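Below you'll find the structures, each written out as structure tokens.
What follows is a pair of complexes built around subunit A, which joins subunit B in one and subunit C in the other.
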Partner chain A sequence: MKKKNLAALLMAGALCFGLLAGCSNGNNPGGNSGGAVTIKVGGIGPITGDLAQYGTATEWGAEIAVEEINAKNGPVKLDYRFEDDTGVADTAVSAYNSLKDWAKDAPLVIYGCTTTAPCVAVASETFADRYFQLTPSASSPDVTANKDNAFQMCFTDPGQGVAAAEYLKNAGLGTKIGVIYNNGDAYSTGIANAFIAKAKEVGLEVVATQTYPDDKTTDYTVQLNACKDAGADLVFLPIYYTPASLILAQAKQMSYAPIFFGGDGMDGMLDMEGFDKSLAEGLLLMTPFNASGTDERTKSFVEKYQEAHGILPNQFAADGYDCMYAIYEACCKIDGIADMDSQKLCDALIAMFTGGDFSVDGLTGTSMKWLESGEISKAPVVVKVEGGVYVTQ
Partner chain B sequence: MEKRLNGKRLSKASRSGFINYGIVIAAFALIQILLVVQKLLGVTLVSNSLQSLLVPTCCYIVMAVSLNLTVGILGELSLGHAGFMSLGAFSGIVASFLLADVIPFAPLRLALSMIVGAAFGAVGGVIVGVPVLRLQGDYLAIVTLAFGQIIKNIIMVLYVGVDEKGFHIAASSERFNLAEDGTAIIKGPMGAVGVTKLASFTAGFVLILITLVVVQNLVNSRSGRAIMALRDNRIAAESVGINTTKYKLMAFVTSAALAGAAGALFGLNYSSTVASKFDFNASILVLVFVVLGGLGSIRGSIIAAALLYVLPELLRQFGDIADYRMLVYAIVLILVMLATNNDQLKALVGRIIPKRKGAASHG
Partner chain C sequence: MSFLNNVITGISLGSIYAIIALGYTMVYGIAKMLNFAHGDVIMVGAYVCFFAMGSFNLPPVVGVLLAVVVCTVLGMVIERLAYKPLRAAPSLAVLITAIGVSYLLQNSAQILWGAATKTFRPIVEGSLTLVPGQLSVSYVAILSVVCCVVVMVGLTLFTGQTKMGKAMRACSEDKGAAQLMGIDVNATISMTFAIGSALAALAGVLMCSAYPVLSPTTGSMPGIRAFTAAVFGGIGSVPGALLGGILLGVIETFGKAYISTDLSDAVVFAVLIIVLLVRPAGLMGKYVPEKV
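Showing the complex of A and B:
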């Protein structure tokens, strides 16, 4: 028995060291190579834990852009590294500090975080340390509030809520509107509150407001019944696609068929394993990226992404891709970038992003610009699911 | 006769206690010296990432030592320790915000916020403890688990803010009628955002010392012996007239208050804190520190918390291993568990350090 214990101990130890030995140190080129200036880009996002799907999408999307950029042999090269924050604020701050250790004295730009709460924590650190930060998907206005160095690639939550209400008003959809949202989630609550306020302003009638506490909820019949009883003919769902897919299925079971309208968190539902696509027929959603888009750049991105990872990219990946190009194109336009440290680069990038004549074309929009506040200005796109694919409205 | 016996017993226990103070003070001094040398010579001795871990590590050490008081000394399983941390964190953040104009001196404001955090933790401890400590074993574990979830869910819908009309508190955003120019401190699921960071490594160090003073003196006092008697045999303890509820509550509330103070320090170390951070997993994490450090061993808790909190972050430095760091972390946990329960290994350590034999049970 004792021998067995010792053997178990040795086995576990060997396993541990095997893992350590199997992974050699990453090879970081760094420095100036062949006349090009190398900028270090440190990404932060959850690649383990509950939110890993979003973090890995932003990691992989950016990776493809970095490969393309470095293959160009342009004046600027990007040295990219991604750190895990598990979706938690304090881990994100540690991840940020380990990126600082990684960059040492080389110019560093922070790309991330993927989710809001870690991003707010990291942004206040980068603000104090003067690093430029661009987040692909942290959408709360708190991320950029009072920080001149933090910029967003996605819409803000209230911005999306307002855009949704305006779209419904202009399209003349929904006379009676129900809202179901996750009141334990910053993203969902942010959109829902702004939507309800704006709906009141433009004269849309919100007849039912229903909440649920977290995305692990599996039964939504109570919320759906409340909407049905109130006579809602359109239900707004500013939530992520996992709970939304259940809502669609349960609505069908109780033969309640209003128009469902979602935010960008809904993107990805069609690629869910085992999801019956017919449930999503007629679903409207606001997403900046359409993976079945036909333009050259989208096609090539989708192809590369699928080849590398075997799944379709969603808007998180596309936002990540665009972030890299935004950083790259801004860096190319800065004079004397070769002699800049992170702090000078931060100021130069802020000046570039808020200068007014800087704009980026990407997968999630064309001629995207940034406001002084750090928010992005691009046109919201509403798509409808028809025959299992997105059709731009 | 009794006095002499007492004196002898105490000297042994307090020697062990003094070693704990020594370890903490030495670690603090070492890091401070390294930081000073680093500044003078311009070389990297303590990396940025390690520096950013100092304060949270202090918080988790306090969490582990205080939980050890409940689990190791009192012998009751608590699965809601993060709930007290959460109470402390959010009350501390609100307190520091409200005191910002009154007390501009940051260390004093931090101290007061931590006291507020401790007070809220203690109140939480009393609320849970009074009805629940009449239960035993698994029942207490389940109720504390529920308590942690309740706290998390309450803070998730809690809106707190200040405007010129005064202090606002509401349980939903519709009822939260803050004036335009008011400031929201806690915003429901968004948590507390825009917190002024006050925490410092020195504050964390002082908090650990205070925790050690409180816990070690409690354990070595008359009350502490009563608490341990309850753990070892409740019926026998009751039969000699020990008040079960009183002593259980004493240990439980002390533990909760210290967790509250640690939470306040933790909350004031980051500019944003969300309630979902302090979930069931956070409670289990602290319990893991306590169990792996050794139930009832204060020194074990300190060392386990420090090492295991820093470990996943240190693994980032191993290049590609970063992809597997959570896996390695899990394996290390299993390894520690097997190692500390292995008789052969214990015998081996005993042979190398013969003195350990006697001291082993007094961590």
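Showing the complex of A and C:
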């Protein structure tokens, strides 16, 4: 019994020590390696579990940018590491703590998380600890709300819904609109609500609003029937591509052929193994990144990504790539970065991002700027699937 | 017309649940354990068929057979490695092991085949038009119902007529007594897992043909639904699994169509609770009073 108690005490002690170590790091000034300042970038995202496809994309996209940046021999080098959060909030906080441990000897910037719920949890930690945080893809406004240190590379959900309604109005598409969304998911609900509100405002007629409870749902015939019966000639799908692929297949089976219009979660559908691309013909979607784009930077990124991982990068990967460049370019412009710890760097980066004259050119947009709220400002891009590839509209 | 459409959707979905539920119910009836890894065997079966048809261009029939063979072996291996050493352990230990096996299969699938969703090519395509433009039945739905009926009749004959089937029934009544009568209980349990897993492979292929997405977690939700169906019909009862599966499919579809798409699961489980209140052993289960 005594031995057990001792062991328990030791374990508890070790745990406390771990916690303390977690709290006290990050105070050391930036490490110097051959004149260049090294900044540690700690990434968090799901690389196992249901959402692994999104997490790995953000991990790999950033990796390519880090390699390019470090090969430049610029004034700043990035030391990059990615931790798994399995898409769960408390795992993400543990991942964040182990990143703080890892970055004892150099200033740390947090890159992540990939998905909203973990990102909200980590952002409230980084806000208290004063670490700068940039997420590639967590799009809820909750991520940045009341936190001056959290910034987004992607559109916010309501921002996307508003942009979608405005686009439809301007393009004159869809006289009667159906909406099918996942009301168990903040991303989907956020876009859908903003879209419906904006649609009403600009005079678009929404004839059917259908929901489903989670992305494991496989049968959408009921929802599609409701849209069909209401006479919808355009169906807005602010959802991820896996359920969307089922919706397209089932709509075809019931000979219902409206225009389908999706958000950025739809990106990736064409790369699903075994997917019949003809199902997606004519599909419109808003995505900041087009892997068949012809500019030099996109081509080189796609080539490197394909070589390393055998698949085409999606917008998650591109957002990750742009995050690294945003961090790098901002760090290069900060004076006296060599003497900064994580907290000072955090304040300097916030000042840089919200300063007004800082902008970044990347794969997902040009002259991207940030608002004080942490939200990004870049132009939305709508693409149409034609012959199995994206064509920018 | 939409009513008939819903009936058809419900029955075809229910047939798939029923085939999965048969696996649950047989294993429970004989080994007295809940094999929560059953749903993930479905997923493995679907992947095997997917690669057989997609990467090796084999005909669908060969793909299905291959899936059945792989899953049968997998089921027996799981039983041998994970459950057999625990034969004398408390049922809770076996239950936790089953959950562990379930995660092992999911994560292995993710390492082997990646997390990205794949699109399954249906083993039969097209649909039969009954009323043009309004009512049609997909061949997959017809095939599911046919498979379900064939499996059901086959299993009834097997457990009723063959020696192995009789051994299974004996084991489910009383393992100790069966052993004393010279029945190899371990071989019988192994056989049960083999049959259950073969059915899981079949269900996996049918399910992915009806709803063509495939990911490492594909099997978990239908697995839970089918488990519900097995309890609904009376766990341990073969005709009960069929009845439970079909009813579950129909209730789920009707709940979606006429009550609410968000509440359909709640409706299913509410019906389950009511049934269990009235008939604690499920619709066709035998109620055995506990002797004190």
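Keep in mind that, in the parts below, the second predicted complex is superposed on the first by the 362 of 393 C-alpha atoms of A that agree within 3 Å, B and C clash if a C-alpha of one lies under 4 Å from a C-alpha of the other, contacts with A are read in each partner's own complex, and residues count from 1 in each chain.
What we mean here is this: a contact is a pair of C-beta atoms (placed from the backbone, for glycine too) under 8 Å apart; a residue touches a chain by one contact, two chains touch by 3 or more.
Since the model is a prediction, treat every value here as computed from it, not as a measurement.
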**OP:** Could you tell me if A:A121 is touching subunit B, subunit C, both of them or neither one (first, second, both, neither)?
**Re:** first
Original post:
In the superposed arrangement, does A:A145 touch subunit B (first), subunit C (second), both or neither?
Top reply: first
Original post:
Between subunit B (first) and subunit C (second), which, if any, makes contact with A:A52: first, second, both or neither?
Top reply: second
Original post:
If you stack the two complexes on chain A, which partner ends up touching A:T242: first (subunit B), second (subunit C), both, or neither?
Top reply: second
Original post:
Can A:N183 be said to touch subunit B (first), subunit C (second), both, or neither?
Top reply: both
Original post:
Between subunit B (first) and subunit C (second), which, if any, makes contact with A:D357: first, second, both or neither?
Top reply: neither
**OP:** Classify the contacts of A:E83 with the two partner chains as first (subunit B alone), second (subunit C alone), both, or neither.
**Re:** first
**OP:** Using the superposition on chain A described above, determine whether A:S94 touches subunit B (first), subunit C (second), both, or neither.
**Re:** first
Subject >> subunit B versus subunit C as contact partner of A:K216, first or second or both or neither >> reply: second
Subject >> When both partners are placed on the shared chain, which of subunit B and subunit C touches more of subunit A >> reply: B
Subject >> Interface residues of subunit A shared between complexes with subunit B and subunit C >> reply: 48, 183-184, 213
Subject >> subunit A residues within the subunit B interface of the complex >> reply: 2, 5-6, 8-9, 12-13, 15-16, 19-20, 23-26, 47-48, 83-84, 86, 88-91, 93-98, 100-101, 116-117, 120-121, 123-125, 140, 142, 145-146, 182-186, 188-190, 193, 213
Subject >> In the complex with subunit A, residue positions of subunit B that touch it >> reply: 44, 47-49, 51-53, 56, 153, 156-157, 172-173, 188-191, 193-194, 197, 266, 269-274, 276-277, 313, 316-328, 331-332, 334-335, 338-339, 341-345
Original post:
Inside the complex, what are the residues of subunit A that reach subunit C?
Top reply: 48-53, 56, 183-184, 210-213, 216, 218-219, 221-223, 225, 241-242, 245-246, 249, 253-255, 268, 271-276, 311
Subject >> Touching residues (chain side subunit C, partner subunit A) in the complex >> reply: 2, 5-6, 9, 13, 50, 54, 107, 110, 114-121, 127, 133, 136, 138, 210-213, 215, 217, 220-221, 253, 256-257, 261-262, 264-265
